[in-house]
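In what follows, structures are represented as structure tokens.
One chain, chain A, links the two complexes that follow: it is found with chain B in the first and with chain C in the second.
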Partner chain A sequence: MEKEKKKSIPLWGAVLLVVVAAIAVCVAVWAVFSQPARPVLAPDQAPAQEPAAESIPGDSGEKLESPEGGGSVSLTYSRDVTIDLSDETAMLYFANPGRSNQDMVLQVVIRDNVIVQSGTLAPGNQVQSLTLLQDAADMLSPGSYEGNFTVLYYDPDTGEKAMVNTEIPLTITVQE
Partner chain B sequence: MKRIISFTLALASALALAAPAMAEEATIGQGSQNIEVYAKYEDGSTTGTVYSVDISWGDMQFTYAKSGSRTWDPSDHTYDDSTTSAWTADGNTITVTNHSNADVTASFSFAPLSNLPDLQGSFSIPTQALAAGVENDYVGADSLTTALTLSGDYTGSGEFVQVGTVTVTIQ
Partner chain C sequence: MKHRNYWALFLTVVLLAAWFPSACFAEDHLQLDTRTETEGNRITVTVQLWDYIDPQDGIQGLQIDVDTSSLDQTQLHVEEPQSLIEDTTAYTNTAVWNPERGILRLNYLRFEGQLPAPTRDVMTFVLQVDPNVAQGGTVTLPVTAKLQMVSGLQTTLRTDCQVTYDAQAEGYVSVTITWGALDYTYSDGVWNPDTYLYEGESWSDNNTGFVTVENEGNLPTTAQVMFTSSLSEIAGSFYVDGSLLQEPIYLGLGESRTANLVLEGKPGQTFQQTTLGTVTIQIGEE
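Now for the complex of A and B:
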């Protein structure tokens, strides 16, 4: 009887397999980490109230006149935003005075990447600190950026998003 | 010797006690004296920029109406089209008022939904600067009102549905 010859993988084949496997791993890692940040879609319905919102001291709450079927808002804000990477927090000032008749959602956007999105800010509320969105800190390094606030308006009764929004240019300082 | 020392000490004490009285008398004797007092102004206070803007808009309802008639021509199987189409608007104005203590510029843009690429929007005032608020003149705040006009064909729903978004940029 003939002895069956054991089929063994030649050395060069093994090396080739290892190289191919290594390349595959590298490509997979690159594909995962090099994808552009997915934009955060503005919700069509007002989200939950922003937990960091606080009442505006001394706010009169006297409502603006609003055209029938439309909306009226009042915005008070600072154009300077400071981001602290150590605690992944954005220090800012934005208020939805009681004069408004719309709820608001605030986004901080850098080069089409939403890095901060608040919950709903009802009229009479302000925020001075918001937490960065997940993975947003990984996109930033210390320095200065040009960005903008995007302010979305929602009907306080139905929660529907208005057809009008507002953009406000910002200077964003990122620090460690 | 002790007497000399005691006498010297007593004399010194007497002179020391008498000195203020003598000095006072001497001042009164010389009359009033002008002392110059100096002052300067240093403005160390800070006036931060406070941005405060009001925006109001109408119901933004537009109707694309088609009128006229299309007549079938059996001789060449075509329609003789005498229809016309036009957009009409209701509540298509946006008003921006500047209550900031700094000038701002308001700009307006319209973006149609992605499934309506032929739809276009233009504003009667596309962009305009608004002056800073004047102290104690709230009602006189600078403002502008612009009107949105739509153009382009539309064959969508017979009901009002969203066709686009207006962005008000405050710079």
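Now for the complex of A and C:
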């Protein structure tokens, strides 16, 4: 009577299993702890008025000529933005002159991450400081970044988002 | 006696030979130069005549021209020049500016005597940098001096004056963007009974498919216009002055350009009042 051969996992199989398990653990850890890009979520309807907005001094408010069904806006801005991580604020300059016939929402975007999103800026208003979005400060460290303003346009009467938007390159300095 | 006469003649010839070149070419060592001093938004330029110290052949007439025709007078304002020659007995000793011809000129003339020596600084003028200048720069002003010597010799000296100025205003970008209704209609074209196909399918925009960007700031900028389609079967391209837009448009100060959106591709389904995509205008740097 032959002894039954004991079935056992060969050594190479055991090593392979360990390696595969280790890789799976690493992938799982990376998936859990890596931060996905914050999507650029453009509101479909104009949000509430931006609380930090202030009137543009000396703005005459004389409107631009606007094609029927279209839009006409004027933008004035500075290309330099400074982010203070301790205050979680972005110091910038962006104005929607009174000549515009569209409301605006301003985003500051770094590598497809929306760091700042304003409320609605009606014509005749400007902002010089905006609060970072929640958890945005955690994504940044002191230094210099290349980013964009993304300017979204909304009908001031219906709040409907326009099919046109504007991107403006920026230099963003992040400090503690 | 004879030897002494020969010696006198020899010495006379030697002295004449030594004197004659220096008399004829006395002005050869004269040089024209300029000096600039900047204080705030004022640049003071001084035109100088070097090595007019103890001339054997003095200057009787002097005309100095500074060519300002290359100057952007909206950025650099010229103030009236002044003569720095201290000579109250000269027939004329004045400096003027002709803005139409773009010439700053010094005129100095004596009928008797010569320009007092030593004289170095002969003329000065001021360039004031406009407070709205957002970008500094350098401009070169050719300077020409025509000299009339007491001996009757005339000569011309030339030099270039380099003026460097700084920006006075903080640069800012201001653009105006105008867009049409961007309302497009697709047509299948005309039915061809021979081929059993529609021919001449096309998109029309009813003159609403445009975007205009105007630079109203004090810095030049660029604009890139792009269409991102929401439907895979439809694409769009922008054209400027009939040419496909493939690079950002350069917009100098006050410049404006219009780009027209042309759609292509047959819709995969019938729809009405559907958003076909998004137009993005990227405002860049020079």
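Heads up, the rule we're going with is that the second predicted complex is superposed on the first by the 141 of 176 C-alpha atoms of A that agree within 3 Å, B and C clash if a C-alpha of one lies under 4 Å from a C-alpha of the other, contacts with A are read in each partner's own complex, and residues count from 1 in each chain.
The criterion applied here is as follows: contacts are C-beta pairs under 8 Å (C-beta built on N, C-alpha and C of every residue); 3 or more make two chains touch, one makes a residue touch a chain.
Remember, it's a predicted structure, so these values are computed and weren't measured experimentally.
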| item | value |
| --- | --- |
| Partners on chain A (chain B, chain C) - clash or fit | clash |
| Touching partner for A:112 - first (chain B), second (chain C), both, neither | neither |
| Touching partner for A:78 - first (chain B), second (chain C), both, neither | both |
| First, second, both or neither for A:165, with chain B first and chain C second | both |
| Touching partner for A:62 - first (chain B), second (chain C), both, neither | neither |
| Which superposed partner A:176 touches (first chain B, second chain C, both, neither) | neither |
| Chain C-contacting residues of chain A that also contact chain B | 64-79, 99, 162-169 |
| Parts of chain B lying in touch with chain A, wherever the complex brings them together | 48-61, 91, 93-94, 99, 162, 164-171 |
| Chain C to chain A touching residues, read off their complex | 172-183, 208, 211, 216-217, 275, 277-285 |
| Residues of chain A defined as touching chain C within the complex | 64-79, 99, 162-169 |
| Chain B partner contacts - residues on chain A that touch it in the complex | 64-79, 97, 99, 162-169 |
